[in-house]
């Protein structure tokens, strides 16, 4: 319907018009033309790390966390896509956050799902989730699932940096504005679990004790397995990538591609709304398109991604976005590159709405 | 986050501002204030049948279907909620459609899910779906699932009327503008199945033949069981309601309430995006609230629904909406009433985001 | 392992032998030769209706139900397969039961799943399950699931006959002798539901009331959707078969074949241990084999089933069995025939153990 | 039914008897008395490690693997339960296998599921499964799933010992004698995967490549997620146990108890037929009973298990069995003990037949 060119207004008598208006009614043919307030001209775009870094350094100088008003005490630079006013995409929000030595990003929780992907970490830089301290070392991915308390504590002597990735635009724009948010009464939540606890209980063995509680926390209900707090150490993730490359052929569109799983069920997606892949590219991929949006972070290496007629040239720690329904392919420079691929594909799959295709010859 | 009052703009140096702007970046605390272009002040509202009918009669006089431009050949009056510009809610679209004797609403298909609930039908008024003619008798509910061809053929000598219910606002506003639409090359698709075929194959027995194809039609993929074409005859639906009332106690919030199932798996929701209930009210219900939106159509009887401080007084064939997060309860007048309850709750459940509660004392 | 020809006893020193014996130990190679006390030479076999009927009439004369000892008050003729001592197969038990006018087969319940397929019924011949009277008309199939009270009450003036089908051999031989059995304190359980209740609540709509209880009754737990009490009326079953034949091509091995579904999830198998199909044969089927056992009852028509080198010639109401791993095909005489096909295939599928193949050329 | 005391044979006329016999029919009341050829008097029993070891050492002296006939080239001591002739239980088979330095237990595959739990291992003692070498170090658990080639290669200079655990009695006695077995043409299958491959691809990330093949191998079909080849290193297993003990309260019946998961879905059971738990006991457990059978291997520590009126006193590497429906509890001596718990509970759960209870007061 929306694909059709707008038609001229169809003539109605004024008596009919009045009745429509008076009764808060409109004919379908007019309604269809005005539907669609999502940003439907999402553009391919790239944010270079040097630019992000320069900006963030300035922000850091201007604004110590403790001077920010309560509830906004996070220092985050947010890539805003051309033509949008709030995020990099209609579904996935991504920001670059820094925490200086000695600082704490205070404890809170919210309905939106979130994760941190560590850009520049340290074993004494910790995200505390659900009572456990998770160290943030380089390239570690740490979940802070829906409605779990989380705070970020930098006990190291270096500034730490990471990606925040949330499904905020989906939650705030689409789901009847349903996010809920709460600050913890303490800046740092109490640490009640030994380190390694959450990972161990959803690893290669599971509590056989029936009294275990692994339900969805908070006021929420749904049909998906909830995601537990979890640290995907880069050491283990990169090992799975290398094993893939050593024993298999690459996926034509994504290279050697491993999807982060929800540890509860051993399957992607990591969250009901977003899926994440570590992708090892050794050669150029084939071209395809899909109605899901992809956001990428460059973990290692250099290369280019072709999107429609544009070419996004990337190197380490750059961020770029591939809009829905655009033809795209990746081309690593030199030996190889590793990307973190992020996609809202699970949103489409939740409604049997995902579509993907290679270009017709 | 959105719940918090907007804060004054936090002071940054102009150098930092310039860098943010130049690099398409913004700090999180500003982004959060501008997020949320969904209509978040959805109001309780009611459309009286007499008003709808008078309007639609005038539309019918003005505008024969065949004079409408191709692709818009449907005569539909669409309730528009206060403060919105396109629909009764952010997720569920509802329209009242009429087809005059001898007319055909031409065959097409689209990505959005749809159903028809017959207000004034006839055994010779037929919706044709996936090669089978489904008669539309009073209060029958007929699915025209995602990407199935469908047309409406009035071979009776009376004007027929029904509700169209689709997940268009969700699809068009939220899912990256992903609806797709196609007109059939014929006004009426060929009838290739005997009448009763689709219902029979997803009833109390299923094809044991492994060559059966019950996949999601069209270009789409996902994780939910697809909904087959199906006619829920009112005769059978009302019998389940009566059996419920004769053998059970009512649900405190919804009365005797039977959810239409997806025949493929015998479970609600009928579609991955919308659920439908036939609700028999014999006494006033208790008050609760939830983040899902509810749209109601009055099948029989009279009464009132209390929403927040407002009271919506309804009688047969009225349409009303209960916005998310508003306290509400139903109160039938006289002996009993039957409502068709429509909800976007499955959208929330797909992401573990549904929340429901009774008011705290 | 068992497939290998037995080997001579391998020589061990007597000292070793003594130690094995003394410690209740045996070497693997000896153990393997003695494993397998299941009846592994199940033969193709047929029971002609005339023979069954003559026998049963004599039993009926000899033995009024009320003279049978408590707990055995059922008049049932049980086909015993050659080489077995207790049933027609290693998994599925089948008996032919009669109840005379005025008689009641007293109420009880057990862990094994059961169903009745009516051979000669009447609207006043009723199976009472879980508080509801289900009329037994010709060819109706009525479930009496695990641990539900059930009794059979003949209020008509004709003797009624039906098939009892249970998973008794599986339960008693395999599952650590786990069946449990209980007699009701009354001969007839109280009727607490209106007629049609159970079918209506698991039909095309489901209780939306969250207080509903559809759990597995009794002391049992498991991972499958429990089967509700249900009457599959022949009228509806045969309509699905006719629709199948009018709109599709037949399955090469089973003809037009509709599987009875578990109404809870709309999918076969009807029970976790046994699946049932109504099969309409219009022409000879192709030959295949599988490790599941098939038991057949001839609902209508005449024909033959070829099993290995044997041919079983059948006509109405005959019962026959196709052993596991035997090549077989069906060949209806004249126009068409309808079979009730019963299989233990779900037992194999529960352990990823089902195997099926056409003969290699 | 089987629970009732046998009744005297009910008198039938000889004419009826003859007819029953002639037509291969029997009355239900006689059939019920003869059903049940499973070993229904399974006894609690224990095999002391010293006895097993002495026996096995003698076997090893007598019988080098290469002198065993093809197809039986494994040196295994099999605990036989009192009153049975082939195994420790009706469902789970367990044997103690040794391989001397330089020996290979030749490659084969079968329909039954199997695992090895290493008693005395070495990094150069390897089980090769599906093309990958899995080192067998102390207390490692290695799966050799249904129909995967596997061989055991001792390249170390010490004799290796482990537990073989299979679902052979279930497969051979119950499932229509359905096991299938095949020897590899080579003594050692070719190693085609790098070490660590299988574990890495079913760990915290999964191949996102849709061309991946993780189907059930071989000729089999079913409804369960197949189990991949996997090594559960003891290092990781014991860490999950310690985390459990440090952060939770114990299960009343099983102590701190972690179930090995099927890596494909992150959930127990490890196989569709058998589940395995690592259980850390720090104090006496409460008494309960269930219809599943439990087999135990003592990994560490000393203690006793009370079964009915008997007490089984155990220390390291002993094997004992708790029969179905017997009251039992565990009581560690001294500080703590660790047991490997093995149960056929999944067989019961596959049919909604599991029952468990604490004794009524």
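Just so it is clear, A, B, C and D label the chains in written order, and each chain counts residues from 1 on its own.
Just so we're on the same page, contacts are C-beta pairs under 8 Å (C-beta built on N, C-alpha and C of every residue); 3 or more make two chains touch, one makes a residue touch a chain.
For reference, the UniProt names are A, B, C, D = Gentisate 1,2-dioxygenase.
Given the structure is predicted, the values throughout are model-derived calculations rather than measurements.
Subunit C and subunit D have Cα centroids lying 30 Å from one another.
Averaging Cα coordinates per chain places subunit A and subunit D 43 Å apart. With each centre defined as the average position of its C-alpha atoms, the distance from subunit B to subunit D rounds to 52 Å. Shared interface positions of subunit D, i.e. residues touching 2 or more other chains, are not present.
Chain contacts in this assembly form a single closed ring in which each chain touches exactly two others. According to the touch criterion at the top of this document, the contacting chain pairs are A-B, A-D, B-C, C-D. Those residues of subunit C whose C-beta lies close enough to touch subunit B in the complex are 193-194, 196-197, 200-211, 230, 232, 236-237, 239-240, 243-244, 246-251, 254, 256-268, 277-279.
Every residue of subunit B that touches subunit A in the complex is listed here, in rising order: 1-4, 7, 10-13, 15-16, 19-20, 22-29, 31-32, 34-38, 40, 42, 45, 47, 51-52, 54-55, 58-59, 62-63, 68-69, 71-72, 74-82, 85-87, 90-91, 95, 110-111, 146, 167-181, 216, 219-224, 226, 272-273, 291-293, 324-325, 344, 347-357.
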